[in-house]
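The next part holds the structures, each set out as structure tokens.
In the two assemblies presented below, chain A is common to both, partnered first by chain B and then by chain C.
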Partner chain A sequence: MKVDLIDNNGVTVVSPSGEIDMYSSPELRKQLLTLIKKKTSTIIIALHDVTYIDSSGIATFVEALKRMMPYKGKLKIAEVPESIMRIFNFSKLDKVFEMYESVDDAIKG
Partner chain B sequence: MDAAIEVSGLTAYYGSREVLKGLTFGIPRLMTTVVVGGSGCGKTTLLKHLIGLLKPAKGTINVKCGCTSDKCGKDITMMDDAALIEFKKKMGVLFQGAALLNSLSLADNVALPLREHTQLKQPIIDIIVRMKLDLVGLTGFGDYYPAQLSGGMKKRAGIARAMAMDPELLFFDEPSAGLDPVTAAGLDELIISLHKTFKLTLVVVTHELASIFTIADYVIMLDAGNIIFIGTIEELKASPNPKVLAFLQRKAEEEPYRPEDYFKIISGS
Partner chain C sequence: MTEQVVLRVASHPKYLSVVRAVAVLTAELYGLCRQDVEDIRSAIDEACSNVIRHAYKGDTQRQIVIGFRCLEDSFEVTIEDDAPKTSLSDLKQRNLDEVRVGGLGLHIIKKVFDSIAYDETKQGGNRLILVRTIRRSNES
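Up next is the complex of A and B:
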């Protein structure tokens, strides 16, 4: 797994690619916690290049959102492949996270 | 058929008694395969071989990754301990008695494989544990100990632990054993739900007729260490094999020996 951080007009877009699993998710967590420590107001996670995500990946997003809530930060998830969307739907997390079809939509939303 | 596991010539003994007699079959990928048969037919012994707990006297068990290569597959009967541990990380097992550790809370039971096999930090493990307990309908029971749970709840907790590492292969040994019909039906519903949601290859050992017809895509029927039927659930229903019919119609087995043979056995003559 590789994680790219992109500044899109002042909004931080985190774009992981490949498989987010029990062995690679700690790296994604490290990147997110660095942003959260700086109290980044909005983080958009773009998942279009993610081929697989397991429970530890979902748990990483849950922990990030929980840590952003006290300072009213926003965690938005965009460009979710269908197979990954099924996992969000099943766990009802699609109702908890702000989900967007595209990064542009997430920036506007 | 795209097989997740290919078994060839699997032969096993307990002492001098041959309990699996050269079994050859495939477990189809992403389907629910049910291994059925009467008590003592070799179902659980077969399962123990498939998960690498027992080594066969003869035969191979190839676990395939799903690629198209002819050489795809690793024979677990030939694996050393380190390779076997790697293989076991990709599978989950619900044992017949759930096999929870009584000295640990449910949360710690579910967390155990994550602590043993990953470098995940505690906050992530805590979230995964809550996710898995919720998955099996045990939200809020993380602090309970196995002794405080009913049989059905223990089985659910066992499934949560089996799912902890997000396995590709999930094995269930008699999931409904010892449960009332309503609880057993609930467990079947859970198995169906897990199968629909996650990309899983399921192998369920059972002798419960209701479960077979509810959860199975594919059926392997054993009798005295031999495969007497292998095919889809529709093919099972249409099978003319008298032993299959007897099992499905819950007919008692015929007397194994004639009265004079029985006399010879018990008189020692």
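Up next is the complex of A and C:
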């Protein structure tokens, strides 16, 4: 897994690629916690290049969301492939996260 | 003798990608439909992650043996470890209406497999037996 970060006027787009599993999710968690420590106001996670995600990957997003709540930061999920969307639907987390079709929509939303 | 595929890996998370790849190739070889192949990949990954995280408590130097076989109308996966005995009641899952970290893996396993059981006859360690009724790709 590789993680690209792009900062856009206080909005940080995090784009992991490849497979997110128990082996790779600690790296994604580290990157997200670094942003949260800096109280990044909006983090958009773009999942278009993610080919697989397990429960540890989903747990990483849940943890990030909870850690952003105290400072009213926003965590948005965008460009979710159909196969990845199934796990969000199944875990009912599609109702918890702000989900967007595109990164542009997430920036505007 | 029923043909089977057996994979033995160290209990290091870096091998989970190998487990997933073999799970996909074996399920495809046995003619399972695409959606079921993806579901089985997730469930086996979660089951092996649980062994590493809970049974072996993060010890990456142990071993996990995964067996795949196709019976007449079902796909069976066995996952063996040499950790202390576990029972299904030891496995934790969260209420899906709760928003919290962890506890999702067992839900995924239960959703994918029709039958989940520990082999009580195994001497030493655990053998988790997962069985899924087959919907072949030409039936989907």
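Throughout what follows, the second predicted complex is superposed on the first by the 107 of 109 C-alpha atoms of A that agree within 3 Å, B and C clash if a C-alpha of one lies under 4 Å from a C-alpha of the other, contacts with A are read in each partner's own complex, and residues count from 1 in each chain.
Everything below uses one rule, namely that contacts are C-beta pairs under 8 Å (C-beta built on N, C-alpha and C of every residue); 3 or more make two chains touch, one makes a residue touch a chain.
A quick note: this is a predicted structure, and the numbers were derived from the prediction, not measured.
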Chain A as common anchor, with chain B and chain C clashing or fitting: clash
Contacts of A:E19 with chain B and chain C, given as first, second, both or neither: second
Which of chain B and chain C A:R29 touches, first, second, both or neither: first
First, second, both or neither for A:V96, with chain B first and chain C second: second
Partner chain(s) touched by A:S56 [first = chain B, second = chain C, both, neither]: both
First, second, both or neither for A:K39, with chain B first and chain C second: neither
Superposed model, chain B segment overlapping chain C, candidates 38-46, 164-172 or 254-262: 164-172
Footprint overlap on chain A, comparing chain B with chain C: 21-23, 54-56, 58-59, 62-63, 87, 90-91
Interface residues, chain A side, partner chain C - complex: 19, 21-23, 52, 54-56, 58-59, 62-63, 65-66, 83, 87, 90-93, 96
Partner chain A, residues of chain B touching it in the complex: 114, 117-121, 123-124, 127-128, 131-132, 134, 165-166, 197-198
Contact set on chain A toward chain B in their complex: 21-23, 25-26, 29, 54-56, 58-60, 62-63, 86-87, 90-91
Residues of chain C touching chain A in the complex: 12-14, 16-17, 20, 38, 41-42, 45-46, 49, 52-53, 96-97, 99-102, 104-105, 107-108, 111
